[in-house]
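Going in written order, the chains are labelled A, B, C, D and E, and every chain counts its residues from 1.
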Amino acid sequence: MGFFLETLFGGLMAGMLYSLIALGFVLIFKASGVFNFAQGAMVLFAALAMARFSEWIPGWTGIESRLVANVGAFLLAMALMVIVAWLIEKLVLGKLVNQEGITLLMATLGITYFLDGAGQTLFGSEIYKIDVGLPKDPLFLFESTFEGGVLIGKEDLYAAGIAAALVVVLTLFFQKTGTGRALRAVADDHQAAQSIGIPLSRIWVIVWSVAGFVALVAGIIWGSKLGVQFSLSLVALKALPVVILGGLTSVPGAIIGGLIIGVGEKLSEIYLGPMLGGGIEIWFAYVLALVFLLFRPQGLFGEKIIDRV
Amino acid sequence: MSSRKIGDIILDVQNISLAFGGVKALTDISFNVREHEIRAIIGPNGAGKSSMLNCINGVYQPQQGSITFRGKTFKHMNSRQVAEMGVARTFQNLALFKGMSVLDNIMTGRNLRMKSNLFWQALRWGPAEREEIAHREFVERIIDFLEIQAYRKTPVGRLPYGLQKRVDLGRALAMEPQVLLLDEPMAGMNVEEKQDMCRFILDVNDEFGTTIVLIEHDMGVVMDISDRVVVLDYGKKIGDGTPDEVRSNPEVIKAYLGTSH
Amino acid sequence: QDKVQFFPSLTGRTGPVAPNATPFANGYADYMKLVNARGGINGVMTLVEECETAYATDRGVECYERLKGRHGGATVFQPLSTGITFALTEKIPNDKIPMITSGYGRSDSADGGVFKWNFPLIGHYWVAGDVVLQHIAKKEGGWDKLKGKKIAVVYHDSPFGKELLPIVQERSKMHGFEVQLLPVPAPGVEQKATWLQIRQQRPDFVIMQTWGVMTSTALKEAVATGYPRERMFGTWWSGAEPDVRDVGAAAKGYNAVMMQHGAEFDAPVVKEILEKVHGKGQGTGPREEVGTVLYMRGVVGAMLAVEGARAAQEKFGKGKPVTGEQARWGYENLNLTQAKLDSLGFKGVLRPISTSCADHMGSAWARVHTWDGSKFVWASDWLQADDQIIRPMVRASADKYAAEKKIQRRAPSDCQS
Amino acid sequence: MLYRENGQFKTSYQADQQIFPISQDRLAIALLIAVAAIVVPAFASEYMFRAILIPFLILSLAALGLNILVGYCGQVSLGTGAFMAVGAYAAYNFQVRVEGMPLVASLLMGGVCATAVGVLFGIPSLRIKGLYLAVATLAAQFFADWAFLRISWFTNHSPSGSVSVGSLQAFGWRIDTPVEKYLFCLMFVVVFALLAKNLVRSAIGREWMAIRDMDVAASVIGIRPIYAKLTAFAVSSFIVGVAGALWGFVHLGSWEPAAFGIDRSFQLLFMVIIGGLGSIMGSFFGAAFIVVLPIFLNQALPALGSLVGLSISTAAVAHTELMIFGSLIVFFLIVEPHGLARLWSIGKEKLRLWPFPH
Amino acid sequence: MSTPLLNVNGIEVIYNHVILVLKGVSLQVPEGRIVALLGGNGAGKTTTLRAVSNLLAGERGEVTKGSITLRDERIEKLSTADMVERGVIQVMEGRHCFGHLTIEENLMTGAYTRKDGKAAINATLEKVYNYFPRLKTRRTSQAAYTSGGEQQMCAIGRALMANPKMVLLDEPSMGLAPQIVEEVFEIVKDLNTKEGTTFLLAEQNTNMALRYADYGYILENGRIVMDGEAKALAENEDVKEFYLGMGGGDRKSFRDVKSYKRRKRWLA
């Protein structure tokens, strides 16, 4: 039982980490109808920037404080993400207004390649470290009830808290503000949104910047967990089933989806894996998402797919 | 008008009700369509006209009521069955296959009648080729009839709206339907084009004996060409009869026609 | 300039394994420069051209095709990827180019009777697995102490990872310890479930067949689940500086078996490279990297490549470049005595290596080192894999391969040329 | 003035329905095939065959298959790699387990097995649409990756999970040299391209496109979505499966699941989109672009660098290559979102009007 | 007459680099007037409006010749959002409502560019609901699930929410019930007289359009073939016959035209 709880918590925490990345997908999709495959690359890029800037800042400024280095690096990395957002709008999306979803998706794959190359060129391709002081040591709960207690990563707890906070803020933003409404309008129909004077370019820069911010946060948390290196961009693959399960257009869906996928894949790996030879969690996550979709094709909380004549 | 022989009831709609959540699109609607006639459905926006057609051809499943077609009664039908029984339709918001040429769009209307299997189609030889050519000939006749020869190979997405409507009609005609449901076939056309469209509809009705159910907001057209008219208002039937009867029905005037007609 | 010996270098400087594969490529290139500084191979200068594979098999194949005919023909390929090795194994017999896969690739290719062109010189995965287990057994006080113990194997879910399993299973049958297999899907960044299982099952030891970012992730998860690093043993692709750098002091106590060499900052060859290559500003990578584990593996790889060519020159004509086919003979007839190795600057780094027609590995020595929180230190003496166990496994597997491919074992006469 | 259809009148529907109604086009395509089958083998270098032409042909075939699914039927799939893998491993198993199985039969049986798996994974498409489906098809991808590693029966119990095939032989003809392999692949590609073209311009092709463009309208005219979607999955997976088998047997000779990983799926999708959705010819353009461009960049960049006296490190080349590759993809999408095939037909349209601008 | 609000001067539009659609169209829209743009299917009405509101890019079209000025300012290079900022808004043909948004949210997005505060926006919202009571009853439905006519009202209402100076109306009457058509034109008239809003109106319903417009242009095949005061056009014999369906003075029954068929084009 203690172990089951431990797996459950482990899954929940892993799920929250996936949500953090899934959030980036949802954000951009919701606001522009673009399925942004570059989210993973953005996470890596942001994390690389963060890691390297915090390494370089003491050298540039002569100040040896870790806090200064981290805050400075965060600001610089954020500035960089805004520039990236601006460039993406100017050079890519602005020129692909009103194109089909799949074309846009491919364009973001192009951006992925570009960011992968640019990130490694600017910042190098070794393993770098992000240390923002997240605690690494485990926490043991219910030690009196279960032998050995129930283990939870403190780092994961922090991450979960941050993810939850982001979700609340973003949900409010989309549902309650005029800009949020405009963003949803853009996702529905670029041309009509243009026709009523919604400035697509400005909006996209904002959204991609926010997505850049989410990527940066995800990058910092994942980066301090895994080290910053190319493979970080591949964690996006873990977020995809989360996105479709929760619904492409739902911010809270990203969290719920994350929790379901996280728990589902950990439980499956541990209780089902040994029977099947192990290593099943990656496809299990997708199959789980698939099963949910059979019942709700738009994901748990996604907007209903409109299909009407 | 007398030259056309209006036949028996071919389509009978009985007590259809349809609701979407709280919205009652149709409430207890009954009417019938006789063989060979042109039956119009009119009513204000959102009255449930398109929903009625959707029920008839299986896109929507009404919660209540049944539909009798050629003596067989159905509660639920799927679109395929309806198509097989010989009901074709056009759409209010164009529902053409945008990426395909005019010819291919109309050819899809023949698909139900094409029998050769995948294997022969891949080889495109023997029966498959003969079949393809036979149907192509039929489709060419429709293209001639609708006077869209010049656009045969143009992707429909590039055509102006009016011509797209014509292709939509062509696709329905290619099914050689017994009943043709037309949802605002003349929206967005000028008078001359409407005249053309009326001519097509009347020709089809005359020459092939096709029964026609027509939704249209242009009262000139409706009054001129239809034999009987059903009037819907917010999901309810408020009138049914010949154009003249309907035109003078006070409830219809109030709900729909306004005073100017 | 026309008389060069061409050594193609398939690199992995980008992508998922870049942190680990880059030092290898640098060491390889630096040693070749050193050979030239020393006067070449009997006067024949070495030439390196790189081609980036990003650890992808199809790119590796393209690189191979691109480089194999360049600069008078490739001497030998070292793909540094098990996947590429598998693909090239099918191609090299036609092209008559040998391939060195020191410490990776197909373990059964040590059987020169079937794999005429493959050379897993100085070690393959089965050697690594055997030595790790020997080390553990020794620490426990003998093989019999392993009976009833539980050993978990955390491995990269790919042919690279799976290649280790046969030896572990063989040994488990012999000594009665239990094996728990824990595959981790590539790229290995998600290991929570794996380590929760370890936490629950509490195996006595964990053996890791990991590569790239997967190793440090494993270490971090071990820290997070409180599994003692002292009980974790990596194979030789899982025990270098990039793997522990970002874990730092928390990885203290982690062990990895080393294919003879470890981090060798004091080796004569390292000093010579620093002086003659980096000292002249011709170093390929950063200076600090020289002497690190994977850098050294590149250096050793290059040395083996060069010495094979040198041996071939002895037979086919001194001072002239050798073809790939001739070089193959050299790799099959390597005889690197301790004196020879010492003179090349590998004193204390390598033990004698001698290959033959039947034995394409040439040496099965290894050591285990431990991370002390800031550097690797030796934790074992020289250990040698048990030939009695490995040879039959190699033979059986090679026979199966030969049967599948319908190829004949080489006749003794074929060994003469 | 040379490229005109003036004076070419079609007197029968049969003539009008030819694949290339304009005689200049027919001539051009005949020439192209002749060049591919006769001139290329005589002149291309071994490197060209092994590193460029053979991969190009096989991947065009796979892209063609995928194009049927994505371009014609509108079902986006990211699981193509999995179907290739099924084709390859199934063909391998027929080859090693069935005594005397001819090579071509093995390859085709690989396609048949891929068809079965493709249809299975196509079933969700009846409910799941668009991007949701695209992401969901990754389930196939990861499942295949896993199954071929884990279930040792598929790999004939090879301990590492990697399989290899012996020398190839078809119709008593040994396929050893690069030229032979090339011609062997070319044969497959030409035949399948022709069959695929026939399908897409037949009734079934129109059903696919109808489902793609407007599925409700399609069902109203009597097209069954189940049938249309599943046949698209079947035909597509069959072709992709055969391509996978060729990739394993002819190009690699030995492979592990990573040869058919998710990168392959993306690569193929790229080919289809850059080449042109819903265009058989586009598949070839796309494959050429995606196969050749990285190799070209990889070789051209150092050469360019040395021209200006710069020696570029391998890593820098690789990174720059990534950046340029990404940029070019975006560039082409912007220039023509409908792909190179559309660019090609616009070019032809201009040529037809030439020397008048419109 | 002083300089018109909008001056389109000999523009050519090409789609997809090859399809030439407008072949030198010139027209003027004076401030505070209602100008109708008439013509058959495919004549290029929509294209002209798109050129003015700069919505061509998304359709892969471009203006290759000629100029467009708004209050003497060249506007070809501006974005659609800039045009809306200058008070010019287009109601697109084919409705284009935001399907996932409710009717009310659709309307509110129309006010996106407004800076005059919540109260003013709410007042406009009320005004729109007044114009189209049907929208009020359907305010919480997702636009995609409303009927064709309701969507058309929504699209028009959405544009009005921006409080525009000039509206480019593309086929406003399409799919609307007769009495709503009348209402729409009444609304146009109303806004025009009360608030001085200028309208450029592309319409197939020539009858209605000429009844309400001040001036009209007739477009055929990408060229302006006739223009004049609305009244004069309505009296023109050709217009009567081909656009109003009143050959020989009387309206012909649609049933009777079937027996014969003629087409006339001013320019072949």
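As a working rule, a residue touches a chain if its C-beta (ideal position, glycine included) is under 8 Å from a C-beta of that chain, and two chains touch if they have at least 3 such contacts.
If you want to know which protein each chain is, UniProt gives these names: A, D = Branched-chain amino acid ABC transporter permease; B, E = ABC transporter ATP-binding protein.
Note that this is a predicted model, so its numbers are computed, not measured.
Chains that count as touching both chain A and chain C, per the definition above, are D. Of all chains in the assembly, those touching chain C and also chain D are A.
Once CA atoms are averaged chain by chain and compared with the all-protein CA average, the nearest chain turns out to be D. The chain with its C-alpha centre at the largest distance from the centre of chain A is B.
With centres set at the average Cα position, the gap from chain B to chain E is 28 Å.
Annotation: 74 Å between the Cα-based centres of chain C and chain E. In whole angstrom, the spacing between the mean C-alpha positions of chain D and chain E is 46. In this assembly, the C-alpha centroid of chain A lies 32 Å from the C-alpha centroid of chain D. Chain C has residues 13-14, 18, 22, 157, 183, 185 in contact with two or more other chains.
For chain D, residues touching at least two other chains, in rising order: 142, 145-146, 149-150, 214, 216-217, 220, 315, 318-319, 322. Contact of a single residue of chain A with at least two other chains is seen at positions 120, 125, 277-279, 282, 308-309. Chain E contributes residues 14, 16-20 to its touches with chain D in the complex.
Residues 3, 6-7, 10-11, 13-14, 120, 125-129, 136-138, 148, 151, 153, 155, 225-227, 229-232, 234-235, 238, 265-266, 269-270, 273, 277-279, 281-282 of chain A touch chain C in their complex. Of all residues in chain A, only 97-98, 178, 181-182, 184-185, 187-202, 249, 303-304, 306, 308 touch chain E in the complex they form.
Touching chain B in their complex are the following residues of chain E: 15, 19, 38-43, 93-95, 134, 138, 141, 145-150, 152-153, 171, 174-182, 204-207, 242-245, 251-255, 257-258, 261, 263. Per the touch definition, chain D reaches chain A in the complex via residues 70, 76, 124, 127-132, 134-136, 138-139, 142-143, 145-146, 149-151, 214-217, 220, 262, 266, 269-270, 273-274, 277, 315-316, 318-330, 333-334, 337.
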